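Pasting the structures in now, so scroll down.
Look for chain A in each of the two complexes below; its partner is chain B in the first and chain C in the second.
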Partner chain A sequence: MKQNPLSVVGLAIILMFIGIAIAAPVLAPLPAVCGPDVGIVCDPNDPYIIPGYGYQRDPLPPSPEHPFGTTPGEPARLDIYYGIIWGTRNAFRVGIVVVGSALLIGIALGLLAGFRGGFLDEVIMRIVDIMLAFPALILAIAFVAAFGASLQNLMIAVAAVWWPSYVRLVRGDVLAAREQGYVEAARAIGASDFRIMGRHILPNVIYPIIILSSMDIGAVVLVIAALSFLGLGVAPNYADWGGLVNLTRNYIVGQVGGDSLAYWYTYVYPGLFIFLFVLGWNLLGDAFRDILDPKVRR
Partner chain B sequence: MNLHVYVIRRILLLVPVILGVTLLIFGVLQLLSPLQRAAAFVQNPQDLRPENIERTIEKYHLNDPPWVQYQTWMSGILSGNLGVDRFEHSIAAALISRAPTTIELAVYSSIVIVLGGIWQGTVAARRKDRLPDHATRVLAISGWSLPTFWLGLLLLTFFYGGLGILGPGTVSIEVGEYTRSSAFTRYTGLYTIDGILNGDLFVTWDALEHLVLPVFTLSFVSWAIITRIMRSSMIEALGRDYVKFARAKGVPERVVVRRHARRNALIPVATVSGFVVAGLLNGVVITETVFARPGIGDYAAVAALNLDIAATLGFTLVNAFLLVITNLVVDVLYAYIDPRIRLG
Partner chain C sequence: MADPVLRVSGLKVNFYTYDGVVKALDGVSLDVAPHETLGLVGETGCGKSVTVNSLVKLIPIPPGRIESGRALLHWPVPCPHCRGKGCGTCGGSGKLDTCEACNGRGTCSACRGHGRFRDGKSCARCAGVGKCYACDATGKRHVDLLALSPRELREVRGSAMSMIFQEAMSALNPVLKIGEQVGESFYYHQREALCRATIARLEKEIERARGAATGAVRIVSLRLYLTLYRWMLNKTESRLLQFLRKVPVVRRYHRWIEKEMEQRSLEALRKVRIPAPEEVLKAYPHELSGGMTQRVVIAIALAGNPKVLVADEPTTALDVTIQSQILRLMQDLKAELGAAIIFITHDLAVIAQIADRVAVMYAGTIAETAPVREIFKRPLHPYTRGLIGAIPRPHQDLVRLSEIPGNVPNLVNPPGGCRFHPRCKFAKAEVCASEKPLLFDVGNGHLVACHMYDQNAPLWTDEDRQPRVEVVAR
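Our next item is the complex of A and B:
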């Protein structure tokens, strides 16, 4: 940490976002009353649906009621501030679920491939090669196009393209660990393969991998945001940063015949939060990579 | 093992990977029922009638056993036929007609990324742990963290929306009309090259103006990787004995850096460059969408939005081939540069 002052900045950013995610119901509570008579559309059971105000769509600039302005939703004006606050929760949820599931697959297959070796190793690694033959975003686009755009499919698609690199990582470490004295010792006292993998090798290789891969949460959020921006993500009024930018795509040119930068707040704020979130993880990850991965240590 | 044998072995190793790629794409298709796949071809309410859906399924052989479908599909691919999109247009023809726009964007971006990365990495390595190095680090991590679409939108709204310059698209409307007229021959499809070949430099200039922002967007998010690899391999090279020796015998520092250290430091950069350039395809989809450039990335994005599965997967397949071939070329070049590789 001392050697890399930027990591402190990264940590501060991530802690800020964790704070926002935890305090979301306080920072951006749902309107007390919703319904046609007050002109507010919201779902009291799902706070991730951004409340819509009024019956028009064109964006409104920042004001005391809407600190970041409003963006055109379906069918009403959506509060950008609300979308960003709850979008933080969504970003953590999506990032953790995708990295977590990719990691589970990666650890399971990497352990099997590295420890068992032989034919199984060959098959698993060839599948990994095939998966890595696709650019990640493009394969994810294909999955979403095939199975339909929804948050769940989006997460499945990204997890499906994310696991192969973890298999490589885990397998490499397992291959090294397999030759260690403690594995031989365990085998000598008659431990089963399963026990050796689970109790001896796994604890010795897993922590650096978990820490390194958790830094991918930022990268996952970036891919998800890109897919959402293309319109392949969440339902229109859902609190998702990329989705917020997608909503305003027809408005980015500004007012017709007027100020072309008039609607800046509809894309600047959501994009800024994506950038800061990913930046936080990357700054932190940069420091961890220096500490944990001797291959890139300076 | 000599170079020929190595190349042949690498090509043979590609066969299972390419076969696997096609099987994976085909597998994704097969996870959908014939009815779901027929849905992509629906153009109007008429098509929704049961007998018409039946006809669509019949027409595209969606109900055949999977191995028959795979065989038909594969024999099509081998003869360059990727099937038809939802408008019953040939996917291969659409991709080919759109390829020049994408090639233009990708080639210029690659040049900027590779040369820019090498230069920036060298600067950072020579001033290690001082201001230029820290600045490079911050810039690289920021670039890495920027959503491509957001950077593109900001640039587009600032320059085009605010200042009224550097608009979206490939060329301006008047130039576009001129290039479609009989006075202009499309030799390559690349506006910048065709402009020179026709002696119409204003076309080249106009196309370059439209390329500035997309190339910057695409490059800024990718160049960080080259910079970092260049930096670390340059630091290593600068610490080598031959560099110390060159300095000791009084070779000017500029020559030491350029001739002795940088040449050797470039080898790892060559490998990574292949991956980075191939990875550009990710950014191309977004960049073309933001800047309204009608390339293959834009085609894929629109196809995916319309749930046009055949078109999306056709594009995916082409991309996978490109990536696999790029890797092959990089490996062979690498073996050519560094003979130690071939022994493995």
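Our next item is the complex of A and C:
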């Protein structure tokens, strides 16, 4: 930690985001009253739906009521600040669920393929090869197109294209670990195959996976944001960083014939948070590597 | 010799590789008497490790395959009727030690010991000998290691037969503490005893909690644990309990058995004379020295109270001072535990120090077995003679040590007949190249697989058979 100040930065960024996610109801509460008479559209049962203000759509620049400005929603002006705060929760949920499920599949199949070998290994790895031969983004788009655009389907789609690389990584390490003396020794004192896999091999191959998966949480959020931007993800007005950028698609070029940067706040703020989130996880992944990998330890 | 604890006969193992079939073992036969140390010597690649590893199927299968052979291990089991407490079925000993095939009679159950049936046909079950095929006529309970199911095999590994490996450091898992690794062996093989001890401990704890004022909640939880352990005692392999161990909070119950495991691990480490065992228990393998790791590995191997302890070159990776410490330790432990040891090495000096009996292997066959003094004083097989002759002797003024000409044969295409004949200066083309010599008893417990001593003996002179050590004088 001390030798690598960047890892402290990464940790600080992620802690900040965790703080934001936990304190979201405090940082960005739903308006106390909403309804047509006050000109605020919101869903009191689902705080993830960004409240809309007024009846016009064109973005408003940052102001005391809307610190990051507003972005054009359906049908009203949406508070960007609110969207970013609640979008943090969404980013964590998406990243952890997708990486977590990809990890579960990846570790289980990787252990089986590497340890058992033979026909099972062949089948699993050929499926992995086929999956990896597709461009991941296109495959995810195809999934969503087939099953319908929703956040849930988006997460399933990304997890479905994400696990093969984990299988490969785990299997490679398991192949090396299963030839170790301690595996034979465990077998010699009567350990069963599952016991050897779980107790002796898994702890020895888990570190690269931990490092990769912490970096991947950022990457997954990036992919989801990209898919959301393409309009494949969330419902309109849902607090999602990629979705926020998507809303302002028609305004990115600025005012026609006027200032081309007039609406900068509609995409810079969400983009900045996506950037910081991914950067934070990458730096944290580096930090994990420094801590867990004895070879780069100084 | 007393009835052997382990009798290996005709063990034949092949490895099916891309280069062809490696005929690694060609009918290896070995007897290991109870409480004895059998030294298994031979050069690299002659099949010492393959022999012992294939007994408990630790060779990679495939490419390896055990083609034929039997390995009868004398293995009394706790009496199933009284769970080891002693009853009429087991004669009060608590152990079941009667051959199930012949019911203790020692005769073949198919032909009732006659070797042939009334119609004159020879009995196929016992090959016409009339001995019980399952217990080798001893009437005791034997299991054929090579015919065990995977589950039975796991039971045998570590309890009836355990291993000490050459590279102690790599035999220990780098990410687990020593205590966890030693305890594991108890967990596999003595779960019942562990449960009993834990139950006793819990009962004592409940008594103590009863005296205290704040004990009510504690007693309830301890009672709960007690029920779980009583259940575990009856169903040691319960899936539900294995699952409960993974559930947070509930898994606290497992700490009690872990305490017991730790206690036993501590004793095991003390037994192998590790200084400050409490600290070693909490250490990781890389924090220990080579000699210490080897002691830990020995402690793990002894944890299951093995009948046969296989030590596969346990001292090769150690320096001489540690080597002698480990050897002394093993001798002391052997006297203490009464286990038989198969000691694999290529160091004849170590053999002379530790073994009671020696089996010399050459290219996948047993060349000669004899008591240790006999083998050094009267080596009979030309290969053994060559080996002994190649030992430098300080008091002899030599220019050049004698050697065995040629190289170890490639086992993909081993020489026919006696596998040693191309390098043997006594070889006679008429028998040695065509006929495989079998182990022949020449008396004094001395068996040798060489045509010079069996029914082909007249082909050689007594001069040839004279055991002598070749010396090239200055």
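Going forward, the second predicted complex is superposed on the first by the 277 of 298 C-alpha atoms of A that agree within 3 Å, B and C clash if a C-alpha of one lies under 4 Å from a C-alpha of the other, contacts with A are read in each partner's own complex, and residues count from 1 in each chain.
As a convention for this text, a residue touches a chain if its C-beta (ideal position, glycine included) is under 8 Å from a C-beta of that chain, and two chains touch if they have at least 3 such contacts.
Note that the structure is predicted; figures quoted are calculated from it, not measured.
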{"item": "Clash or fit, chain B versus chain C on superposed chain A", "value": "fit"}
{"item": "Between chain B and chain C, more extensive residue contact with chain A", "value": "B"}
{"item": "Partner chain in contact with A:Leu232 - chain B first, chain C second, else both or neither", "value": "first"}
{"item": "Which of chain B and chain C A:Ala23 touches, first, second, both or neither", "value": "neither"}
{"item": "Contacts of A:Ala176 with chain B and chain C, given as first, second, both or neither", "value": "neither"}
{"item": "Partner chain in contact with A:Ala12 - chain B first, chain C second, else both or neither", "value": "neither"}
{"item": "Which superposed partner A:Val33 touches (first chain B, second chain C, both, neither)", "value": "neither"}
{"item": "Partner chain(s) touched by A:Ala142 [first = chain B, second = chain C, both, neither]", "value": "first"}
{"item": "Partner chain(s) touched by A:Asp129 [first = chain B, second = chain C, both, neither]", "value": "first"}
{"item": "Overlay on chain A, chain C to chain B nearest C-alpha distance, Å", "value": "14"}
{"item": "Those residues of chain A which chain B touches in one complex and chain C touches in the other", "value": "none"}
{"item": "Residues of chain C that touch chain A when the two form their complex", "value": "56, 58, 154-159, 162-163, 165, 167, 169-176, 184-185, 188-189, 297, 300-301, 303-304"}
{"item": "Residue ranges of chain A in contact with chain C within the complex", "value": "180-182, 184-192, 199-200, 203-204"}
{"item": "In the complex with chain A, residue positions of chain B that touch it", "value": "16-17, 20-21, 24-25, 28-29, 31-32, 137-138, 141-142, 144-150, 153-154, 156-158, 160-162, 232, 235, 278-279, 281-282, 285-286, 289, 300-301, 303-305, 307-309, 312-313, 315-316, 319-320, 323-324"}
{"item": "In the complex with chain B, residue positions of chain A that touch it", "value": "6, 126-127, 129-131, 133-139, 141-148, 218, 222, 225-226, 229-232, 242, 245, 252-254, 260-261, 264, 267-268, 271, 274-275, 278-279, 281-283, 286, 296, 298"}
